[in-house]
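Quick notes on the structure that follows.
As written, the chains take the letters A, B, C and D, and residue 1 is the first residue of each chain.
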Amino acid sequence: MSYKAGVVGAAGFAGIEAVRILTLHPEFELVAATSNELAGKRIADVYPNFEGVTDLEFVAHDQAALDTCDVVFLAVPHTAAIAQAPALVEAGVAVIDLSADFRLKDPAVYEQWYNVKHTATDLLAQAAFGLPELFRDGLEDLAARRAEGKGVLVGCAGCYPTATSLAAAPAIRAGLAGPGVIVADAVSGVSGAGKKATERTHFCFADENLEAYGVANHRHTPEIEQILDIPGRLVFTPHLAPLDRGLLSTVTIPLGENKVTQQQLDEIYGNFYRDDDLVTVLFGGIQPKTGSVAGTTRAHVAVVLNEHANVIVATCAIDNVGKGAAGQAIQCANIVFGLPETCGLQTIAIPA
Amino acid sequence: MSYKAGVVGAAGFAGIEAVRILTLHPEFELVAATSNELAGKRIADVYPNFEGVTDLEFVAHDQAALDTCDVVFLAVPHTAAIAQAPALVEAGVAVIDLSADFRLKDPAVYEQWYNVKHTATDLLAQAAFGLPELFRDGLEDLAARRAEGKGVLVGCAGCYPTATSLAAAPAIRAGLAGPGVIVADAVSGVSGAGKKATERTHFCFADENLEAYGVANHRHTPEIEQILDIPGRLVFTPHLAPLDRGLLSTVTIPLGENKVTQQQLDEIYGNFYRDDDLVTVLFGGIQPKTGSVAGTTRAHVAVVLNEHANVIVATCAIDNVGKGAAGQAIQCANIVFGLPETCGLQTIAIPA
Amino acid sequence: MSYKAGVVGAAGFAGIEAVRILTLHPEFELVAATSNELAGKRIADVYPNFEGVTDLEFVAHDQAALDTCDVVFLAVPHTAAIAQAPALVEAGVAVIDLSADFRLKDPAVYEQWYNVKHTATDLLAQAAFGLPELFRDGLEDLAARRAEGKGVLVGCAGCYPTATSLAAAPAIRAGLAGPGVIVADAVSGVSGAGKKATERTHFCFADENLEAYGVANHRHTPEIEQILDIPGRLVFTPHLAPLDRGLLSTVTIPLGENKVTQQQLDEIYGNFYRDDDLVTVLFGGIQPKTGSVAGTTRAHVAVVLNEHANVIVATCAIDNVGKGAAGQAIQCANIVFGLPETCGLQTIAIPA
Amino acid sequence: MSYKAGVVGAAGFAGIEAVRILTLHPEFELVAATSNELAGKRIADVYPNFEGVTDLEFVAHDQAALDTCDVVFLAVPHTAAIAQAPALVEAGVAVIDLSADFRLKDPAVYEQWYNVKHTATDLLAQAAFGLPELFRDGLEDLAARRAEGKGVLVGCAGCYPTATSLAAAPAIRAGLAGPGVIVADAVSGVSGAGKKATERTHFCFADENLEAYGVANHRHTPEIEQILDIPGRLVFTPHLAPLDRGLLSTVTIPLGENKVTQQQLDEIYGNFYRDDDLVTVLFGGIQPKTGSVAGTTRAHVAVVLNEHANVIVATCAIDNVGKGAAGQAIQCANIVFGLPETCGLQTIAIPA
């Protein structure tokens, strides 16, 4: 294995998924999985899916040890990444941040939606955005800097922004969106609500239930608008459904005066993702299923022309913790380290 | 018990739910549950939730017996209701049709979306629309005609139209909708796909999965546009989620130049459903949960002003087989027979 | 409504199910649902299935108010019932205890398994055991005492003991059990783990998972042995499965030298429950399904002769919160108040 | 890749899981996935989890092509393997049979439980039993024969026998079982019922449901008795629970006069599986969870001394399609081809 890797905040769902992928990754060697709360416990004592696989223990945050890593994944709450990233980058580490701290390019927007001042704006300006299919250039720029021995920072896209943007970007970038709002109604599995046991995540309340949440005020709204360059035009409504892992975003884009056929749409989408191994466009009326990508870093996308209402309906299915978080973070790391983009990510979802 | 009731097509999910409600209904006596396929079998042999409750058997279709019923519920595929309703109405029966045959007022629209000619257009013209909270007058008119001994017909709303319209109607009828499309993204449990065992309804494919279907061409589109009087303006996209019963519709309505505050919205919605026992508006940011109404004929509704994008987001949760089908049919029958609207429908969902 | 009812500990799963049933019960009027933690909150704010049904609020424990009730259901943790029952009985209230405090007839056994001294042994001696199909006489004796104006106490059976004993009792009481252990492997839905949000009840850990727990030391062991009079002979192993409500117990009983045919077994079981409206024996190889009784107070039972290994395999499906807790408590109350045993309990599970 | 592999019956759940594993296996190259029904369809059209992974198509059965494979996995119904294995073995192929045809060593037992005559008894006599942790010697003998260029046959253990035997074997082989029956109550996910859409596998019937099936007559009974050498002593009762993949077997073994402590049990079990990478013994009261091994070829085992009833309760969790079928088949193939036993099987279950 070529590179030493650390995961900060390894006990949460995104963190432990990073641990799971890194444990089998051929080029990154996991040397530190930190959790101040669980330090000293075997990972397998907390997540028994690691029984028989590894006896690695969670360790307390240790800056010196992390500074010697080649790459550190920050799977921490927002503001915690702002606190930790600068020193790591300074130490020459490639930092892959899974939090919201380095996603929004405008600190004022960050402050507006997160109600806290951004205190690492210099670093923010240098960060690449971690959604390779849409912003691969920025990541490849980091690869060049890292190759010169410099610390670099990736602010990875959130789960909803990933699925929503992968669905909408080909149409938006092709200039197909007419006037009017763009509506993204997305549905996530319960793992999106995090590891903390709450009433919302209690099986008996989540099971056999559907509900919307964060209506009109979810913090992923400005991130999606930034990615797609549609300021003030997005209506984003997330929903919770009774499954563990999986996220489906359905995006309705008005065409206005623009004309397009289903065949042209298929070509636009097919061409857009032609060179992307982890994003697959489905044709012929086949719709993406989250079950087809659960546990992986893959995305399935489809697009349908709705002539009746003169709109496009684009859909994308991902695993919210995989392509929506840890998997995508490792995909970014692969690029930054000049590895094949799918290195360690060549898994296939369970068929049934 | 005052009235004799029959259920035609009692073996499907909507039919058997009608049987379930009627078995405990204080005023309707179930005298015939028909299923040509299962005739002669005890209902409990097919649906063991009836074990210990009733030894009633499915019977083959018997026109003479049905003609003597006071009320007949048609839980049959479309076109089958067109074939059966006229004779029953002629015989003086109150027919409550759960199929799509008598929902669309314009036979041309029916023919366009269902690819079959409507051959009972006279009856269609007389049918009341079965969504009491929005069209109670029509049902009460039927009550008067029935009281005179005449046969009458109700074409009950579909499951998606019920939830979508209950969410949107107060805003639409208040004239709040500005220009642009109205987007209804709705999610249903698997019972909406019917009793037939298919790949779609196989546990291993439906479980832990989310997907859209019928994108751009679902037949509930014209029905919702008719109910809300928004011709050509609806984008309706249904989705499937891994639960048995429950349907959530999220409707995004552009405001355009219209001005409204959250407080005004709450008042509009609260007033709209003030006298409706089975529809409850939730305030204070509480969102409807399908789990709260599963197994019942109740609907929960909420409305949120999204100032960011200048739209309203209205949501409604129902049980697709309850308020979305059999429960609403019996609610309509209650009205037609002059009974309290909630007669036999006073159930409460399981808390957890 | 004839009688005033209170529920102490109304916020937990068993308590709120009692509230749900009592809200629709024709003879008991719910006047107090206590929860010191949630006092002052509308029940519907905590359990939105009550939205549109009742605006009743949780109240703090108020002994004077409870003393004026005709019946009080104690849905509290063990030891709390010992603390509360004596004063209520003294005040002439019919107390229906859903906790473990008054189930075990021998205080020494209680102390051994619950690690706490029983301090209400006089009351324990007077308590009837709340599992009507097996101990109806004791409940009818209480009815007589209550009719004389005296306070009475029922210690209701636990969920696992209810299902396990209903499965095994006909065979055991018929003397069919030969030497050797009796093995009860039972599987419960997650509601059995209670309302508290924990790692065990987190959707992402409970979903798509099966596990045993409490192996070799579950406290329901002595209760089942007492009910079936099989001291030291029971191996009871509970399991958790990913569903909300439902409990299936599979009991293997060795025959030894005893001879019996399947037909005789069917007769023994059919006769045993002949007069019980809420327990149904299934014949012809049909096995009980928890889905057929979920949300109800019903039990389904079947028995199979396994000639290969010379044992009987008896199974029973219940809703752990219904027949296994609140529903059975109200069934007991019905008997104690001389009401029809199924009063308010005539519900039917959702078919699909 | 060193060896050419074929999967016969690739469209079923076991077959497609073999395809999934082989697609990523570093030493076996999948050259033919047969399905007469689906021949000519892309695998990904049927199982969209393969979209973006492979464009391989199902092919019709082609004996000549299969004869050129190094290894062929038979994922076919019983009797079909008897029909197909002899020619393949004759052609020098290593045949790994996932059906029941070559599991039972005594053809008379096969005929008794499967109601069909065994017509390949010579081959049956040469077949190794495919449960490596318990019968590795036989598989290693085949490796030697295969290395000499001879065709060989493995009859892989069934899913229930695998879990039940892994749980019980250490205790049984240590001579701890006293007189009396051994009770195995096992619970499986719905994938165990196969890909065919039936009422049993319909989401709305399987969801939120628990039931026993095959009581007293399940065909895995003689297989488990053969593995554990406990003729006529096993009571095996399988159950269905609402999850996709996962199988938990709980085995109760009477001790009789035998004496053992929990510490001794832990040692016996720990030593028994000391060299097995895919079976992990859990200690300290930790119970196996199927969620911890779903999607993998791993097994988790625990053992508890129940002093109260003088029995041992041993449990084992597996993925019924993984370690219970396709994963184990490939584990066997690895041994037969002299590869590391876990080659291609080093996956880790999703944590949450």
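Assorted remarks:
Rule of thumb we're sticking to: a residue touches a chain if its C-beta (ideal position, glycine included) is under 8 Å from a C-beta of that chain, and two chains touch if they have at least 3 such contacts.
Computed from a predicted model, the values in this text were never measured in an experiment.
Against reference pair A-C, the listed pairs B-C, B-D or A-D yield one interface repeat, B-D (criterion: more than half of contact pairs the same by residue number). Across the two interfaces under comparison, B-D and C-D, the one joined by more C-beta contacts turns out to be C-D.
In whole angstrom, the spacing between the mean C-alpha positions of chain B and chain C is 36.
In whole angstrom, the spacing between the mean C-alpha positions of chain C and chain D is 39.
As a whole-number value, the distance joining the C-alpha centres of chain B and chain D reads 46 Å.
Within chain C, residues 13, 191, 195, 202, 204, 207-208, 242-245, 289, 291, 294, 352 each touch two or more of the remaining chains.
If you draw each protein chain as a dot and join the dots that touch, every dot ends up joined to every other dot. Chain D meets chain C in the complex at residues 180-181, 183, 185, 187, 189, 204-205, 207-213, 215-217, 221, 232-235, 237, 239, 241-248, 250, 252, 254, 287-291, 294, 304-311, 313, 315, 317, 352. By the touch rule above, chain B contacts chain D in their complex via residues 13, 190-191, 195, 197-199, 201-204, 206-208, 242-244.
Residues 13, 16-17, 20, 23-24, 47-53, 191, 195, 207-208, 244-245, 277-280, 282, 286, 289, 291-295, 298, 300, 321, 346-352 of chain A are the ones that touch chain D when the two sit in their complex.
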